[in-house]
Amino acid sequence: MNEPMLFLPLIALFPFAGFLLNGLFGSRLPKAIVSTIALLFPLLSFAVVARAAWMVHGGMLLPVAESGAPTWIAVGGFHVGFQFVLDQLSLVMLLVVTGVGFLIHLYSVGYMEHEQGYWRYFAYLNLFLFFMTVLVLAGNYLLMFVGWEGVGLASYLLIGFYIDRKSAGDAGKKAFVVNRVGDFGFLIGMFLLIANFGTLNFHRIGTQLAGHPAISGATATLICLCLILGATGKSAQIPLYIWLPDAMEGPTPVSALIHAATMVTAGVYMIARTHALFDLSPTAMMVVAVVGTATAFFAATVAMVQTDIKRVLAYSTISQLGYMFLGCGVGAYSAAVFHLMTHAFFKALLFLAAGSVIHGLSGEQDMRRMGGLRKAMPVTFWTMTAAVLAISGFFPFAGFFSKDAILAAAFQHGTLGKALWTVGLITALLTSFYMFRLWYLTFLGESRGAAHQDGHGDGHAAHAHESPWIMLLPLVVLALLSVTGGWIGIERFAGFLEPVTGQAAMVDAGHTELFLSVLAVLVAALGWFLAHLFFGRDGEAAAQAAQSLAPIRRLLQGKYWIDEIYTALIVRPVQWLARFVLGWLGEWTLVRGSAWLMSGVVGLSGELLRRWQSGNLRSYAAWLAAGAAALLLFALAGTLLGLNGFADSIHWAVR
Amino acid sequence: MHLVLFLIFALFALAGAANLLLQKHPINSALSLIVVMSSLAVLYLLLGAEFLAMAQVIVYAGAIMVLFTFVVMLLNEGREEKTWGSHAARVVGFPAVVALLAVLASAILRAGRHYGMVSLSDGITTTQDLSRVLFRDLLLPFELTSVLILIAILGAVALARKDDGNA
Amino acid sequence: MNTPVPADWYLLLSAALFTMGVIGFLSKRSLITVFMSIELMLNAVNLSFVTFAHEWHAVKGQIFVFFVMMVAAAEAAVGLAIIIAIFRVRGTLTVDQIDRMKL
Amino acid sequence: MDGMILSLILVVPLAGMVAILLLPDRGKLPAWIALLDSLLTFVCTLHLPAHFHNQQAGFQFEENLPWLSRPAIHFHVGVDGLSLWLVVLVGLLAPVGVVASWRAVQKNSKVFYAMYLLQQTAMVGVFVSLDLMLYYGFWELSLIPIAVLTAMFGRNLGDGAAGKAALRFFLYTFLASAPLLVALLWLYAHTGSFDYATLQAAVASGTLPGWQLGWVSVAFLIAFAVKVPVLGLHGWLPDLFSEAPVAIAMIAAGKLGLYSLIRFHVELFPALAHRAAPWMIALAAIGILYGAMLALVQKEFWKLLAYATIGSLSFCTLGIYGFTAAGMSGAVLQTVNEGVIGAALFLMFGVLYESARTSRMADFGGLARQTPRLATLFTIAGLALIGLPLLNGFVGEFLVLSGTFVGVSRSWAAIAALGVILSAAYMLGAIQKIFLADGGDQQNGQAGRVARDLTGMETVTVAVLAVLMLAIGVQPTVWTEAMESALQTVTHSMHAQGATPVRMESGTVIASSMGGRQ
């Protein structure tokens, strides 16, 4: 068969080439060349993806697996290759990753202009694209794990990009370690897969699942739970979401690319990719749905009181990822992926717009010191508005379609589904509320920069400036996508993905759906109204509300003290165990003790023997004589016993 | 005749050895050692080892003992002092010596029953016999001893030489 | 008049001389006398070598004695040189005061 | 050429040693000789993989010359897939060690490099010996330079810590290898041969007295376990790492003991090793956690590296005693990995230590700007150590863990996998403390101010190691293929003697081992 040439490896290898060039030589190259390299390779990568998409549009059949993939690990009968597979799901993901990725690269050229380590930043960013495309294109779990860990690494490097800031280093470390907890689950899941299927290849596992319907629910549940642990780590869900808010220490474009649009959706992608297994385990599905819903609600509540603009967006990301989990959990994989895509558009836009604001205010991130930026930064304001409307779920913005699809699917998912839908709807209200709170605080009203900066007189707004075109262009493109991204409609989207994600839980058209949609928009409008009430006018209402709800507010501002609880329950005990139980009891008492005992015994016997070696000639002679006498006596005794000679005596004695 | 000669010179040897032990001054000890060695030379002769007897007189009684007396005189070391340096020498050493003697004697006495007698009429090992073995079968070891002695001479010179102030 | 002597008498004499040599080594306090005791022991052993050579009509016993003499000569030369050197450094030949033969 | 290459590899370092001893100790002369000589050795070792036949079972490049007739000791050397890469590794690390000592060793460099080259010969000898007495000779010989050089060139000579560390190392390893000698002699007394193949056949035939043979195998096990070191016998390691000169510390742990465990315990006494396996697996799995947890709370980098090493060596032990093909090849690969990564980390922190004279990580900080090359390469090596995919550490760990999980015990494998989390925590913590801002009163730590970046020669050396990490990580098959036939022989002979993969629990396993189903 004449296989279409897709050059799949190039999609990953182009950014890697960019990483190598900038990483090895970037420090010595002028900025212009660094930027060219950094932009060119993602663009090439996007071109390859776009070409593939065009071919699919032209009727090419998916999936396409690149033949002749080089072997990676081969031991015994176990074999894993660098196998890239393109199917509908990965195509969608790739378009998002390389497309949004390229836009954010473009934006970064403006945003990072004055930063030290410009080349380093772009090297890392290209490295991230490399790993992310590997993750998406991987044809087996192990290769996916490569991307999985790799994006974690890129994320670590980029979060810690400002190497002079301790908090950045801490945040990077925290992100990596927490992700490692998830990776532990992923690893165990892979081992279970090997144990049960003897392969890690997606396709072969799928075939085996189809061929052996007998694979018990318990096994599938176990595997899925392990994979879920992995997914919660990467996609920042309860219980492992704690790294994402801290990850905002990184440069803002990084937050847009990695911690909003692409990397954090890897968990959702993985679940969709493995849905054949999840379908076998209702328990695991339920766990996914509940975790997702709980996270969505929980993060939304915290987002309401955050004052750092990026942290609001971070919690919002966690919350939206929760929606995607909910979608997966109720079997609406295509809806989840749909939301993943639209979310990538509007959340990237939100972050980039926030970045533009921060850039315009020379690094200010506290919303309490913003306000009134609408005039100073019109493009940023209008694009941001589009994004806010999209995330809140207003018709006809992108977020409306995808969120609606998820909620509808949840609504039809039995009793539990109804409950989840209720929570999801409340979350939508909260989402709308906190997004408009951000919108009001940032762009409307008066500039509050002066109120907190004694002595400087004028606020930020006075000298706030609009960002350069190279930053605004991505904003505009993303704004267009945020508006139109959902128009494709869930039915067509689900139909496209069907070969991969299976028959979607059919959303029955008609009254129910219409009712749900209207309800969702109403809820979003309510959220806007509340936000307007509290923050739109003068903030007095906000202050009053804050007064009356002080305990809850404290709880939310403390982020439920989850970090502190983890520290107290996990980090401290581990350190305590290591330091005292292992360090003192194990190392000092047992290991060192035995070492001391040993050297003590040797030292003592050495001391005794040293006395013997008095240095006195006559004493040596005496011992010599005694030894000679003893040997002779021994030989004589042998003779008396009738043995023949000395050698026989020795033999006799030893026996 | 043999018995008489043996008894006389055995007695000389033992007396000389005893005197070596009893004398306080090294020079007296050295002279008694010469007595022992000379008596041994006669005993060698009795055992039919004529070359060894001569060598004993020349090498031992002559060369080595002269060296000893020279050194004693050179150093002019007086009577030895009474010191009790080593506990072990008395506690371990002397019982060991007794045991040694007892073991050796009993072994010799037990084995000696089978040995023959030594008399004057026994054949003499001539120097010819000796040299035939020495220069034919054992030429290499013999030549090696010459190297050994050469090294010993060099060593002795190096050791006994006065260092020129840089010690 | 030609009364033969049993070979083991020679051996006994050798044993006695050897033992006296050992006693001398243990009891004498002057380094040079100790050295003489060693020579005495060597001679005692030589005597037994010669006796056995006679007993078994083997020339090699005597050859052994010859070699012992060679070695003894070499040893005497080196040993006495060492004694001189020690005396120069320490000013005494008393064995019990020369006990630095350890680390 | 093939017939003499092993002798050549053994002789070249010795020749270098003689040359160093004969030539005067002037300037950098001994160092240059050592460098050139070790590079020459490395080139010689490269001959092995170049002419190695992957498919061919048994030993290659064999040489068998009678040495002593009674006792029958032969100069019998040979290489198979197990030892192949370890010999190359020794060859590779030799020049690395010289580079690492380039600035650190100034005084008495003649003695240092002479001993160092002697150590090279001894290590190669351990890997290639097929006569157990010859092996024992090399084994003991490999211990002496470590102890002596630590005592002579250690970091804290003043307060006697270096001497103590050397003594402790010496006691541990020598006391443990004394029973090994007795056991060897016992084997000789019962078989009349020191030859590896003969002894293997004799043990397999089951004619040797059983309970005594059990003790013999235990003597072997303990001697090697101390050298690895396996958890509980590691008392010498942290001190040696803190005190020994860098070039010595990087070769002291790991490969010799691990290779010996496979060759002379598992392969020689399969049935008995199989009985000891559950204990070893438990020790290894706990060791991984133990090492990682202690590494987490260390304040000094050398100590951290010591405990991290205990952890990563425990991975190897785990793989060896699972008796699975995947685990074994993972273990051998991990042994090589550990050598490469450890050498890189030792060299780099050695550079920092040498200028700052402290190994407390808190004394550094913010070095990333000042020493960018060092920081980058250090991070790469650190990531390789904690098993980032596409770097070498991952492949070894994955093979070991998956082999253990599938073939041996799920719970122990899961416990071992927890180490993955902790290792990330301690390594990133170290990188942060040393290279990133520490947020203290001053921007950089005191010690950081005097730190220098890598010199050209050091950069090249570490870069080579880093490329190797990537190469092994991306193409491990190049390495594992060579081991394949050797490991198949091992596992077949083991299975023939009833030493199937150690099953420690029953599970709902469909495919009983990896590759059980194609």
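All chains are identified by letter, namely A, B, C and D, in their written order; residue positions are counted from 1 within each chain.
We take it that a contact is a pair of C-beta atoms (placed from the backbone, for glycine too) under 8 Å apart; a residue touches a chain by one contact, two chains touch by 3 or more.
All figures in this text were calculated on a predicted structure; none of them were measured in a lab.
Taking the definition of touch as given, a chain qualifies here only if it contacts chain A and chain B alike; those chains are C. With centres computed from Cα atoms alone, the innermost chain of the structure is D. For this pair, chain B with chain C, the centres built from the Cα atoms lie 5 Å apart.
Work out the mean CA point of chain C and of chain D, and you get 56 Å between them.
Centre-to-centre separation of chain A and chain D, using mean CA positions: 34 Å. The centroid of the Cα atoms in chain B and the matching centroid in chain D are 60 Å apart. Touching of two or more other chains is recorded for no residue of chain D. Multi-chain contact residues, meaning those touching two or more other chains, occur in chain C at positions 22, 26, 95-96, 99. Along chain A, residues 614, 616, 618, 621-622, 625 each make contact with two or more other chains. The list of touching chain pairs reads A-B, A-C, A-D, B-C.
Against chain D, the residues of chain A that register as touching in their complex are 27, 71-78, 142, 145-146, 149-150, 153, 156, 160, 163-170, 172-173, 176-177, 180-181, 183-184, 187-188, 190-192, 194-199, 216, 218-219, 574-575, 577-579, 582-583, 586-587, 590-592, 594-595, 598-599, 602.
Listing the residues of chain D that touch chain A in their complex gives 164, 167-168, 171-172, 175, 232, 234-236, 238, 290, 293-294, 296-297, 325-326, 329-330, 366, 368-369, 372, 383, 388-390, 394-395, 398-399, 401-402, 405-406, 410, 413-414, 417-418, 420-422, 424-425, 428-429, 432, 435-439, 443, 474-477, 480-481, 484, 507-511, 513-518. Residues of chain C that touch chain B in their complex: 1-13, 15-24, 26-30, 32-33, 35-37, 39-40, 43, 46-47, 50-51, 53-55, 59-60, 62-63, 65-67, 69-78, 80-85, 87-88, 93-97, 99. On the side of chain A, the complex with chain B involves touching residues 614, 616, 618-619, 621-623, 625-626, 628-629, 632-633, 636, 639.
Residues 610, 613-618, 621-622, 625 of chain A are the ones touching chain C in the complex.
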